[in-house]
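Before I ask anything, here is the structure I am working with.
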Amino acid sequence: MKYILRITCSDQKGLIYKISNVLFEEGFNVERNDEFVDAEKNHFFMRTEFSGDCKVEELKNKLQNILPEDAKLELSLKKVKNVVILVTKEHHCLSDLLIRNEFNEMNFNVLSVIGNYELLKDLTQKFNVPFHYVPAENISREEHQQKIAEILENYDFDYIVLAKFMRILTPEFVKKFKHKIINIHHSFLPAFIGANPYKQAHERGVKMIGATSHFVTDDLDEGPIIYQDIIKVNHSQNAKDLAKLGKEVEKKVLAEALKLVFNDKVFIDENKTVIFE
Amino acid sequence: MKYILRITCSDQKGLIYKISNVLFEEGFNVERNDEFVDAEKNHFFMRTEFSGDCKVEELKNKLQNILPEDAKLELSLKKVKNVVILVTKEHHCLSDLLIRNEFNEMNFNVLSVIGNYELLKDLTQKFNVPFHYVPAENISREEHQQKIAEILENYDFDYIVLAKFMRILTPEFVKKFKHKIINIHHSFLPAFIGANPYKQAHERGVKMIGATSHFVTDDLDEGPIIYQDIIKVNHSQNAKDLAKLGKEVEKKVLAEALKLVFNDKVFIDENKTVIFE
Amino acid sequence: MKYILRITCSDQKGLIYKISNVLFEEGFNVERNDEFVDAEKNHFFMRTEFSGDCKVEELKNKLQNILPEDAKLELSLKKVKNVVILVTKEHHCLSDLLIRNEFNEMNFNVLSVIGNYELLKDLTQKFNVPFHYVPAENISREEHQQKIAEILENYDFDYIVLAKFMRILTPEFVKKFKHKIINIHHSFLPAFIGANPYKQAHERGVKMIGATSHFVTDDLDEGPIIYQDIIKVNHSQNAKDLAKLGKEVEKKVLAEALKLVFNDKVFIDENKTVIFE
Amino acid sequence: MKYILRITCSDQKGLIYKISNVLFEEGFNVERNDEFVDAEKNHFFMRTEFSGDCKVEELKNKLQNILPEDAKLELSLKKVKNVVILVTKEHHCLSDLLIRNEFNEMNFNVLSVIGNYELLKDLTQKFNVPFHYVPAENISREEHQQKIAEILENYDFDYIVLAKFMRILTPEFVKKFKHKIINIHHSFLPAFIGANPYKQAHERGVKMIGATSHFVTDDLDEGPIIYQDIIKVNHSQNAKDLAKLGKEVEKKVLAEALKLVFNDKVFIDENKTVIFE
């Protein structure tokens, strides 16, 4: 049986020794181990893959005893993540994820897709994934997201993926699903502010465009960044071309970010991430 | 003899035909030809490399006659560009350019270096390039740049390269050397505003940093972009590490931009560039 | 109406003038024009996008008259390319193409998929594309490909895409569909020779892996290269991980190559390509 | 005082615990820790940065006692590496290294440069680095390299860098300086075999060229790879252009490889490297 142990706590001398001591005495086989100390914030991060015969609660207690009081400890079998995807009209990220789900290529399982338009229903159902249509018209943002939250209650999910969900989340929604929502943003950050970033990029005459995947927090587009990438562009491409190219990079960046998160390689360090690639 | 012809004008039907007609009748051998029409602005751009025995003024007249009134026409022997470099304290871009100059590797010739500190004098003089020390202390920005302008008058230069010249240029200076000043900016654009962008990048937890080379206009950091690139970074790098990595990308981006400009491949199209790579 | 004119011929003085003269006299509006001369081989390449009211055969004749005898001339309405895809077992390139086909995102139309296994039948049919199962067992390579050729006769296709078709084509098949077959190769070139390149790459300890898309000619993996790209890897990735990453780069490289070909931007210049991006 | 501890040995259960136990009991402060197990070869690699007051020989003994018999152990103060550079005619890698040396930008100190031509003497001496001219004419390869080896005896160096040293090393030379020689190879690997790889790349019509930095072993160009990168090229670039672009990527790849090695981040794992970036 393979387990993943993830520890975050304030740093102090001997942490690695103490933790590896517990694992050694239990007779586990450590297969991969990563640590990082954020010296500025005095935060310690450790991720260990080990195999053996583990009583999870017992081991957690033993570790809790030797760790600082503020320690956050995750310990579980290496497992496939359950995911609900939220979409609006654009298919490119959803398509990519549905294909990866169909062929079990990314350590995840798509439980359902929720859309505020019906446009992507057919695509979703082709792959035998339930699609929930939750129109946003004529109701408030709060009511709309309340409806989505109610649907989410039916699913035992680990993460919510915003695969081009083009609506701003309410603070209630964000709070309710803290550290569980991952977004793809159509720009590197800092970014052109406001609507139609590809039009702005074109008007500014930039020579590259990018995308950013991040956890969602209350600050719009300001959550911890997981992955970013760019694509080079030139003068001959108009705003529409840039938007099209942008979709390619958005799709790729979201997939790369999710691979990292779904393999438990990403830690949240306040407004940043620590990633053991 | 190899010539480069560069034409910018409002677009109209038959321009390529009319221009190539003139070149054909003169018996020139066209070796490379690039055109672009900015359809949004109705601007036509054409760059032609040809060989033959050319009377420059005569050919210019012939072309002027068949082109729209607003045509801007550059025609000259393919030539090495004369350059003055402005620096402050950081050596990384200057070093790279001095080496390329020493070995004649980039179609340019460094006439001199002007610095507001003496720090880079030794380095410059190693390569037998004159260094002018123009301190900025105790004088106004205008006076300082007036002194630099006076030194520039002694040189027959094509371009001024700001190789990490960390002072804001006055509108007078920019106006005087319109479309002749090339800068390297320590970020992609849009960028973190204000001082110490690498510190801001670190605090924001970005996963890549970049640099932008652009022509200088009155709007600070808003001139036409020539070249941009990025480098990936991660959580383990602190602000100082980012600054160090940033220098690598700055050096590279400036060199790539200058190669394009010095080979007459870059046209300015209002606040953007058209580049025939 | 938008037309694309593509000309290949031996180079001689005045070609651009002569061609643009014809287009001007017909009153066409040239929207984009690219030329290249392969000086080593004395080959001239020209691609022109123009709009207007064009009698195709008449214009072809006029152009043929002013061009060198060896000129090859293609002139047609800008059009969507019809494509048949050949596959074996791996889905990653096919999935990507089926999605792009479904949403009309790449200038092509998938007429059908032919596979030597039935594995990808369901996937293909989800998108209402016919799937032909042509098993290769117990018959010779020639017979097998003869069967495929017979199916192909039912389709009016422009290109055959080998989307991980893992069988070597017979010289007859290649000859029959000369310059119409595009392959994705699991390596940059030159490459590890023989089976299981990702295992070889792992054993050699390379720090990047790549893929190459090329036209198929008689020389196995030696046809004109259209597009190549790489992805960085490290010591922690085993041969299986490399194969997985390789699929990502294969998928991307094939899509980029097809975009170029389907937009008529790729010329074949003996064993190389000339591409007007 | 900052120390770097590097351990390579056959893998067994509890290694991390045992090692961290020793470091904890000595009261050291572990600042960074990286481990990797090559499961195929059962090799364990560990690199630890720690600070404290360390008696090096004593600590080595303590660690040796708890490690498997085959353990190789390096322990030393974090230090600047001493380097001798071997060159032939091309300056691009040497220039880059001399500049980085001059400004103390890469954790190294260039003790001297040895060349089989005098061409790069002036450049080297500009930076007050001794240059040894060892002509290869009219003597055997063995004699030539014997002369170089004699000069090397005068220097207390950690690494020999072949910065475009275009001569094949004798088995004696390689054996004498095992794991201490780093080369930059003008291609990714596998590569075009034989002379003039950029000409071959051009003739093959590749769309990218690359470079590889590796440790030198008896197998020519077959030592453990440290770093590789590529640059995209197109049809308009001739063999000479490719060679010029190749120099840019060679220079960059060598610098990146040396940064990794000089910061003790590279382990040799038979014919591969393990790198803790």
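In order of appearance the chains are A, B, C and D, and numbering begins at 1 in each one.
FYI, contacts are C-beta pairs under 8 Å (C-beta built on N, C-alpha and C of every residue); 3 or more make two chains touch, one makes a residue touch a chain.
The structure presented is a predicted model; accordingly, all values stated were derived computationally and were not measured.
Q: Touching both chain A and chain C, which chains are there?
A: Output, common partners of chain A and chain C: B, D.
Q: So which chain is farthest from chain A, going by the mean of the CA atoms in each chain?
A: Of all the other chains, the one whose centre lies farthest from chain A is B.
Q: Go ahead and note the Å separation of the Cα centroids belonging to chain B and chain C.
A: Here chain B and chain C have centroids separated by 37 Å.
Q: Starting from the mean Cα coordinates of chain A and chain B, work out the distance between those two points in Å.
A: Measuring from centre to centre gives 41 Å for this pair.
Q: Counting only residues that touch at least two other chains, what does the list for chain D look like?
A: 36, 39
Q: If we count contacts the way the header does, which residues on chain C are in touch with chain D in the complex?
A: Interface residues on the chain C side: 36, 38-40, 188-192, 203-208, 210, 212, 224-230, 234-236, 238, 269, 271-275, 277.
Q: Under the definition above, what is the set of chain C residues touching chain B in their complex?
A: 13-14, 16-18, 20-21, 23-24, 27, 29-37, 39
Q: Applying the document's contact rule, which stretches of chain D touch chain B when the two form their complex?
A: 91-92, 95-96, 99, 102-103, 105, 123, 126-127, 244, 252
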